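Going by the order they are written in, the chains are A, B and C; count residues from 1 in each one.
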Amino acid sequence: MSEPVISTAPQGAPASDSSDPVRALVAHADDNLVLAQRLGDWISRAPELEEDIALGNIALDHLGVARALYSHAGHLEGKGRTEDDFAMQRPEREFLNALLVEQPNGDFAHTMVRGLLFDAYQVELWTDLSGADDSTLAGIAGLALKEARYHLLHTSSWVIRLGDGTEESHRRAQAAVDALWRYTAELFEGAASEYHDIWRKVVGEVLDEARLQIPDDPYQRSGGRRGFHSEHLGPLLAEMQWMQRSHPGLEW
Amino acid sequence: MTYEVPVAPGESAELEETADLATEVWPMWEVFVRARRGISHVHIGSLHAADAEAALQNARDVYTRRGEGASLWVVRSSEINAFEPDDISDYVDANEKPYRLATTYEIPDEVGHM
Amino acid sequence: MTLEERFDVILAAEDKIEPADWMPDDYRKTLIRQIAQHAHSEIIGMQPEGNWISRAPTLHRKAILMAKVQDEAGHGLYLYSAAETLGVDRDQMQTLLHQGKHKYSSIFNYPTLSWADMGTIGWLVDGAAITNQVMLTRCSYGPYARAMVRICKEESFHQRQGYESLIRLCSGSPEQKAMAQDALNRWWWPSLMMFGPHDTDSTHTEQSMEWKIKRVSNDDLRQQFVDMTVPQADYLGLVVPDRDLRWNEERGHYDFGEIDWEEFWAVVKGNGPMNRDRIEHKVRAWDEGAWVREAALAHAAKKEGAIT
């Protein structure tokens, strides 16, 4: 496989500053919130009732983690911002989530593949952060790690079922991998290369068992962590923030 | 009745029970939960899943949303063998063997709890 | 003792009928009808509230709503399982729902037009459901009664969160309070309709009461509901949209106006505001999931083949 070519965000973009703990917390919170918002759309639309419930659980897990991280970020920042200030009052350019999570749900294969790629990353992330010096963050990460491990179990077993199911499901799962692979290198930007290596191994094993190919496309997208998003995030935020934007300053 | 739909005038009260299915369906599984260590697994309900792994994951998602379970079993419903209530009473009548019940034995009070 | 006598003895003793017991065919049919309609109602009921998950005004409210709609999927699942013990298949029941041959509660054929509808549905619709469901935990059919115990336990938060959210609106800005009043105006009468036709016009009531499937009549339940909710509306400072509503000292109950039965039957027959949309949504999800369900079975078959 070729080395990834990372596209750069437009000139003049503020560089991601991992030394700013508030910014890092907000980025992780945004990942979780945006994915929760996406997964919430599946409720009442899943292939079977059992899966409606499973996707609901995963969405609730991500939402819970997002809320905990926003609250902690607000506390560290010391400007009195609440979880809802972060979620509902920031414009798109201030959202720092990775591009992967804002990608549309697509079909069930897209959602499961997106989940697999992201969950494998989150398991590493939370493993790492559960040893953080910041004890609040370590606590959040410890809880999130348990949840992420279950998400990974769920998405990887589905990807295997779909990849090694029928001809149609294989075709759809491969199309999802082809479409989403280019949003994965961004997750490891600025991190030591071992993280990306472990992730490649975990994901690679699942895809192998699913008889799915990693696309031979070296092109990778990036920019979400610096606030440069795809066109998919804007409509998601418009919908999510609509109540607070149209009725400012009220308690709900 | 809250969720019961009344029969509209001119409509049949008879409810159809079978339909032709376009696709094959996921088999049914029975779910058993052990709420905490030290007690037995108890039947909690059923669900549908294509395989055992999915059945276990679904059982976790469906039946332990409020942290109810420490351990889960799933069994294909078709694998369960049962004695029907009438069969059992054909074979067993506890009243015929009173000597199996502790309460049929008289022990003097001064012996203490036994 | 004949099978029928044995069945009667179990009922008389307030014991439960279990799946393997002999039961009269009409008892079985009545149960299937009621449990299937109940299950369908939970499943279709996910849609009106699901409509607001993406737009909930705060993350806290979003989490509550998501959990509630997800609970409804669980409740539908428990109920389908209870019906399956009577020998009908879940997928067949769902298919019959898709074909319009099975029905669900008319209340879910009304649209959710503002955020206040979420609180109002919790307060009134779940309130009406609880009035009924508590009674059903004593139903004579074991699997149904057990499903209802579980559902009632899980559902205790549904009504409370709804009312609490309305308290917030009614103590908020005039705009928020108007939103709550508008929601009450739209949901009050459909909520009263949930209890069904008058006892005198109800075809099933008498037999169902005899079989202990149903334990309180439609009109009695409706009266209970009105007596319970009117003071709750007063507390919120909202006006119940019924000019005939007044306390009757003599009866010790509220008197209230007549339901628009024409509207009631129109919605039952499929001509409510959302009947078509609800089924279309359900059928689309089901059809779009067909390849996923097939793939899971195909994969399971491959794995089984590999082991043997």
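One rule holds for everything that comes next: contacts are C-beta pairs under 8 Å (C-beta built on N, C-alpha and C of every residue); 3 or more make two chains touch, one makes a residue touch a chain.
Nothing here was measured: the structure is a model prediction, and the numbers come from that model.
Ranked by how close its C-alpha mean sits to the mean of all protein C-alpha atoms, the top chain is C. Across A-C and A-B, it is A-C that has more C-beta pairs touching.
Distance between chain centres (mean CA atoms), chain B to chain C: 24 Å. A straight line joining the Cα centres of chain A and chain C is 35 Å long.
With centres taken as mean Cα positions, chain B sits 39 Å from chain A.
Touching of two or more other chains is recorded for residues 26, 47-50, 54, 62, 65 of chain B.
The multi-chain contact residues of chain A, meaning those touching 2 or more other chains, are 48-51, 53, 57, 161. Chain C has residues 70, 74, 77, 290, 293-294, 296, 299-300 in contact with two or more other chains. Residues 1-9, 11, 13-26, 28, 45-51, 54, 62, 65-66, 82, 84-86 of chain B are the ones that touch chain C when the two sit in their complex. Those residues of chain B that touch chain A in the shared complex are 26, 47-50, 53-54, 57-58, 60-62, 65.
Partner chain B is touched in their complex by these residues of chain C: 18, 20-22, 29, 32-34, 36-38, 41-42, 70-71, 74, 77-78, 81, 84, 88-92, 95-96, 99, 101-106, 128-129, 131-133, 147, 150, 154, 194-197, 202-204, 208, 214, 218, 221, 265, 268-269, 290, 293-294, 296-297, 299-300, 303. By the touch rule above, chain A contacts chain C in their complex via residues 33, 36-37, 40-41, 43-53, 56-57, 59-60, 63-64, 66-67, 70, 83-84, 87-88, 107-109, 160-162, 164-166, 168-169, 172, 239-240, 242-244, 247, 250-252.
Contact residues of chain C toward chain A in the complex are 43, 46-47, 50, 53-63, 66-67, 69-70, 73-74, 76-77, 80, 115, 165, 168-169, 172-173, 175-176, 281, 284-285, 288-296, 298-300, 302.
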